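Given below, in the form of C-alpha cells, are the structures.
Each of the next two complexes has chain A plus one more chain, namely chain B in the first and chain C in the second.
Entry: the complex of A and B
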C-alpha cells in the first residue's frame, strides 16, 4: 500500500431512485433481520421459545373477534390523530401538540355531556359536543400557529408546551366534576341516562369510530393530493420563499392548516370521550399524540400508508400486552421488541436512500 | 431398565401429587384474571400482584395477569378478553376501573367480578359484582402509635418541647379514603402522645414523586418533626431521610432506602380476600357485595419495626394496642377521643350510598364510635377533626 491518500474504509453515497421491488426487498430483509434479532434476544434473556412469543404477539391482535375489534378501534384512534398532524407536517410545521389538542377536544365534549343535560335534548347535546370539540382542538392549535405566522416563533416548542397546559386544565376539571367527592376522578358520565353517548351501530361498539375515521382518512387523502389547499401546503413545505413568489399567502396557509390539524385532533378527543370511554382523564389520549408523529413519518405523510403504519404500531403494542400476560414477562419486554422492530424498519429507509461502499483491497482507489 | 423404572416412579409420584393437590377437591374449577393499573414498578400495584400470585398458588388456581390497564374502556376490553380466555373470576385493583368493570359484569352474569376500593357494589344491584377493602385505619392507627412513641422520646430527650410535637402528612386527594387514613394515624399519634398536632397537605395525584417531595419539604419547613403519607411514591420518604425526619410509611417497608428514619409501615394484604372470593366461586357460594378485611383476617399487616429509628419499646406497645383493637376493647374512631369544631359528635351522616348525588344518608356514629367500613367496604370517614390543619385550605 503506497497510496498517500487512503480511501476511507466505509464510504456512503446517495442512491438513485430504486425500482419498487428492490426497495421492498430491502424492507423485507430488514423485517426478517428484526424478527431474527428479537428471537435471539427473547431466547437469551427470557428463555422462552421465540416462535411461541411471535405466536402470542399475533394472538394479541387476532386471537378472537373481540381482539380484532379492539385492534381496529385502536388503529382508528391512532390513525385519526396521525391524520391530524399530517397536513401540518407536510408543510414542515412540526405540530407536536396533538396530545393536548385531542385532550382539549375531549374536555369540551365532557363539558357538554356534564353541563347540558336538562337544557337540551340528546341530539342537541351531541351536536354541541361535535362543534365544541372540533372548535376547541382548532383553537388549541391556532394559538401557536398565530404566533408562528406573525412572529415566526418556534412551533415545535410552543405546541409541545400547550400539551402541558391542556393536561393541567383537564386535571383541574377532573377535580371540579369529580364523583365521588375528593376522588379526583369523574367516573362514567351520565351512566344511567346515557345522554351525550354516541349511538352504537348494531351490536358493534366500535364500528362508528372506525367508519368516521375511515371517512376522515379518505377525505384527508383527497384534500392533500387533489385540492388547491393541498398543493399550497406542499409548496409552503418545500420553500416558503417560492410560495411567496408565486403569490401564496404563507401566513394564511400556516394558520389554516394548523386549524385543520387541531380540528381533527379535537375530533379524536370527541370520539374518545363521547363514543368510547364516556369519561375524561388526563391520560385518555394515552400518548397517541406523540406516537402519531412516528406513524405519519413512517408513512411519508401519505394518509393511505398511515393505515398500514398505525396498524404496525398498534399490532406491536397489543402484542406486548399479550406476551406480558401469557408469559408473565413485564410489559417493558414487549416494548423492547417493538423498539427493535421499529429500529430495523426505520433503518431500512437508510439503505433505500444510501449505498455503502467498502474499501476494496488492493491498490485501487475508491 | 433402570431408566424406565425411574420414569414410571416419577409418573406415579406426579399423579399422586396431583391427586392430593388442592384442585382435586374443588367443585367448580376456577380460572382467575387480574387487571392492574400499572405494573410491578408501582408500590400500589406490586402489593396486589404479589397477593394475586400468592392466593392463586395457595389454591392451585390457573391465572392471567393484565398489567398497565388504564381507567377507561380498556378496562372493559381487558375484562371481556379475560372472559374469552375462560376466566370465571376477575379482579381489578384501581378505583377508576369500577364503572368499566360493572359494564363487563352486566354483560357476563356467569362470571364473578371483584373490585378493590370501589363503592358501588351494594347499590348497583348485581349478583356478580363485589367490592372489597380492609380496615386499614387500624394499621394506620398502629403506625400513629409508633409515631407518638417517637415524639415522646424526642420530648424526653429534650430535642423538642411538647408544643413542638407536630407531625405532618402528605395526602393524595382530600378523598374519604385518605381522610380516614390520616385521621386514624393522628388518633394513633395522640393515643401515645396527647400533646401532638398535625398538618396535612395534598398532592392531588396518587403518584407524583416531585409533588410528594415538595409536600414533605413544605411540612418540614413548617416545623413538623415527624411525617407520614398516603401516596404511592418514594418522594416523601427520601426527603425525610435527607433531613433526618422520622416517618411512618404505607404499602411496604422503606427500611432499605431510608435506614435512619423509617419507623414502620402498614399495608393491606389482599391475598386473604382473593383466596376467600375464589373459594366462594369453587364452592358455588355467593360472594358478599362488600367485604372488609381486618387484623383478624390478616388483611391489615404491619412491617417489621425499624429499631434504628423507632423509640424503645415500640414493638411491645404495638403488640399491646393490636390486641386491644382485635378484641374490640379499643376503637380507632372512638368519639370520646376527638372533636369537630370543638364538639363531640353523637351522630354523623356519611355518603355511604355513592349515587353521584353527594347526599349523605347513613348515620355512621352509634355506640360511641364511628363505624368505618361497616356499611360498605370503602372508607367514608370524611370529617376534619380538631388538631388537624389542612395547610392547603
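Entry: the complex of A and C
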C-alpha cells in the first residue's frame, strides 16, 4: 500500500537563516556565472576574446580620473534614489514612483533657478531650491500614500502612474521655459550668472553630491536600524495586524514613511538639477527610479550594502557602454547585459531562501 | 468642427496595441502575477517579428501568406520565451515579481533597440530605421468593401486583420475568465492560491500557462504597432511608453478584457487628442493633454478602491509568490 504513494522527485523547503558569508558566497557565485555568460555572449557577437571584453568593462569605469569621477557621481545618484525607496520597501509598500518624485524635485529646483534671480540673493535662491524640491518630492509621494492609508489603494500601480504625470508636467514646463525659443528644451539655466548653482568643493565638480549622499546613507542606516520610526516601519512591513495590535497607527506610519521616501527622491532631483546638470529634461532621472528598486532589493534593503549593489549596477552599465562604443555595437547592448546579470542574481536568491531535497533512492521517507 | 471621421480610426489604430497588451496583462494578473515586464515583452515581440520579416523580405520569391506567418511565428516565439523566463524566476524560483518584471523590461527594451540598431546597420539605409513595406502591406490588407462602404467602411472595416483578432482575443479572454471552469480556477489561483491548491488546482501550471499566454498576446501588440500602425517602419524607442499605458489600461478596465475593447480606443483617442485640439501656437498645452490617460487611470484606481466593491478589486494575491509550505 505504502509503496504506491511516492514522494515527489524534488522537494523544496524553506531554509533557516544562512550565515552572511554563505549568502554572499551564493550571490558572488551567481555574479561570476553571470559575468562569464555575458563575456561569452559579447565574444560571440563581437568576435573578440573574453579577456579583452572584461578589460573594456574595467576600462569603462576606471580608465581615467574623469571616468572614475563620473562613476562615483553616477553611483551616488543611484544610491540616493535607492536609499529613498528603501524605507517604503521595508514597509512592503512598493513605491515605484521614485522616477516621478525625483523629477518633480528637479522641476521645483529648476523653477526656483529660473524664477527667483533678481528677487533673492544667491544663497536665498539655493535655500529656496532645497526646501522646494524636498517638499515637492514629498508631496508627490504623499498623494498615493494618503489613498493607500485611507482606502488601501494599490500603491504599486498608483505610484507607477504618477511617474508619467510628472514626466508630462516637466515636458510642459520645458516648453514654457524653453530657451532659445522654439527649441523645446530649457538649456543650461543661468549659464552666465551661475545663480542657483551649488558651490564646487575645490576643483572637484561632483564631490559635493558624493558627500551629501554619503551622509544621507549613514543617516538612513541609523534611522532604519536604531530609531523608533525604523522599528515601526519594520513591524508594519512584517504584519500590519500585529502593528495594529501593539498600538502602532498604521496609516500614520505609511504616510510618514512615504513622505520621507519622496523627500529623499526630491533631494536626488535637486542634486541632479542644482549641482550636476544645471538644466531640466524629461529624461534627467534616466530610469534610475526603476533601477533603484533593483539596487535596494539586491541589498536586502540594507543601506550599507546598497553602496556595493549600486556600484555593481553602475559599473556594469558603464562597462557595457564602453564595450558598445569600443566594438562598434549600439549602446543598448549594455541594457541586455545588465538585464542578464540581474536575472542571474534574482535567480540566486532562491538558493538563499530555499533548500532543494532530491528523493532518496530508497524512497522510504516521505 | 472636430473631425470625428478621421479621428476615430486613428484612435482605434492607436488603441489596438494597448488592447493586446492589456488583455495579456489582465490574464497574467488574474493568475496573481504582476508582470511589470510587459513593456519589455512588447518590444521583444515587435523586434522578433521585424527580424523574421527582414530576412524573409530578402528572399527572392515573396508571397503574402508566409510574409504574415513568419513574423507572427517569430513574434509569438520571442514573447513566449520572455514569458517563460518571467515564470521560471517568479513561479519556480519564487523571486520578487516587481524586481523581475523591471529587469525584464530593461532587458526587453535593450534587446529591441540593440537588434533594431543592428538591422538598421545591416540594411545600410541612411535613415535610422528599418523599413519593411512589403510585409506591412500584407499586414494592412483590409477588406475591399471598406473603400466602397463610405463612412461606415472607414470606421469599421478599414483595419488590418490583426486589429480584428485583437478584439476577438479580448472578448474570448473575457468569456474564458468569467464563464468557464478554467477561468474560475484561474481566478481562484489569483485570489487565494492556498485555497486553490487545497481544491486540487495545480497552481504553478495555471500561473505558467496564464502568464505565457498573456506574454504572447502582449507581444502581438508590439507586432501590430510596427507592422500596421507604423507601416512596417522600425525606429529605436519609437514604441515609447505604450507598454506602461497598457498596464494602466488593465486598472482602468478593472481587470475586464471586454471593457478593454472600448477603453483601449478611448485611451488611443486620449493619446492622440493633443493633435486634434486646436491650441494655436501654444505647444506647451499639448504636453498637458498627453497626461490625460494616466490621470484618468489614477482616478479610476482611487474610485474603485473607495467604493470597495469586491468585483472591482485587484486579484487578492497579486504580486505575491506562492509557496505551499508557507501558511
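The definition used in the following text is that the second predicted complex is superposed on the first by the 339 of 366 C-alpha atoms of A that agree within 3 Å, B and C clash if a C-alpha of one lies under 4 Å from a C-alpha of the other, contacts with A are read in each partner's own complex, and residues count from 1 in each chain.
Note that in this section a contact is a pair of C-beta atoms (placed from the backbone, for glycine too) under 8 Å apart; a residue touches a chain by one contact, two chains touch by 3 or more.
Fair warning: this is a prediction, and the values are worked out from it, not measured in the lab.
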> Between chain B (first) and chain C (second), which, if any, makes contact with A:66: first, second, both or neither?
Replying inline: first
>> With both complexes superposed on chain A, which partner does A:160 reach: first (chain B), second (chain C), both or neither?
In response: second
> Given the touch rule stated above, what does A:96 touch, chain B (first), chain C (second), both, or neither?
Replying inline: second
> Is chain A touched at more residues by chain B or by chain C?
Replying inline: C
> With the two structures laid over each other on chain A, which partner does A:340 touch: chain B (first), chain C (second), both, or neither?
Replying inline: second
>> Looking at A:321, would you say it contacts chain B, chain C, both, or neither? Reply first, second, both or neither.
In response: first
>> Looking at A:283 after the superposition, I want to know if it touches chain B, chain C, both of them or none. Which is it: first, second, both, neither?
In response: first
> After lining up the shared chain so the two structures overlap, which partner does A:330 touch, if you call chain B first and chain C second: first, second, both or neither?
Replying inline: both
> Between chain B (first) and chain C (second), which, if any, makes contact with A:14: first, second, both or neither?
Replying inline: second
>> Just to be sure I read the superposition right, which of the two partners does A:175 touch: chain B = first, chain C = second, or both, or neither?
In response: both
> Where on chain A do chain B and chain C both make contact?
Replying inline: 171, 175, 184, 330, 332
> What does chain A use to touch chain B in their complex?
Replying inline: 63-64, 66-67, 70, 171, 175, 179-185, 187-188, 191, 276-277, 279, 281, 283-284, 286, 321, 324-326, 328, 330-332
> Hey, which residues of chain B end up touching chain A in the complex?
Replying inline: 39-40, 64-68, 70-73, 77, 80-81, 84, 95-96, 98-100, 103, 119, 172-176, 178-179, 204-205, 351, 354, 356, 358, 382
> For chain C, which residues count as touching chain A in their complex?
Replying inline: 34, 36, 85, 89, 93-96, 98-100, 102-114, 117-118, 236, 241, 244, 247-248, 251, 283-285, 287-288, 290-291, 294-295, 297-298, 301-302, 305-306, 308, 314, 318-319, 323, 325-326
> How about chain A: which of its residues touch chain C in the complex?
Replying inline: 12-14, 94, 96, 147, 151-154, 156-158, 160-162, 164-165, 168-169, 171-176, 184, 287, 290-291, 293-294, 297, 329-330, 332-336, 338-340, 342-343, 346-347, 349-350, 353-354
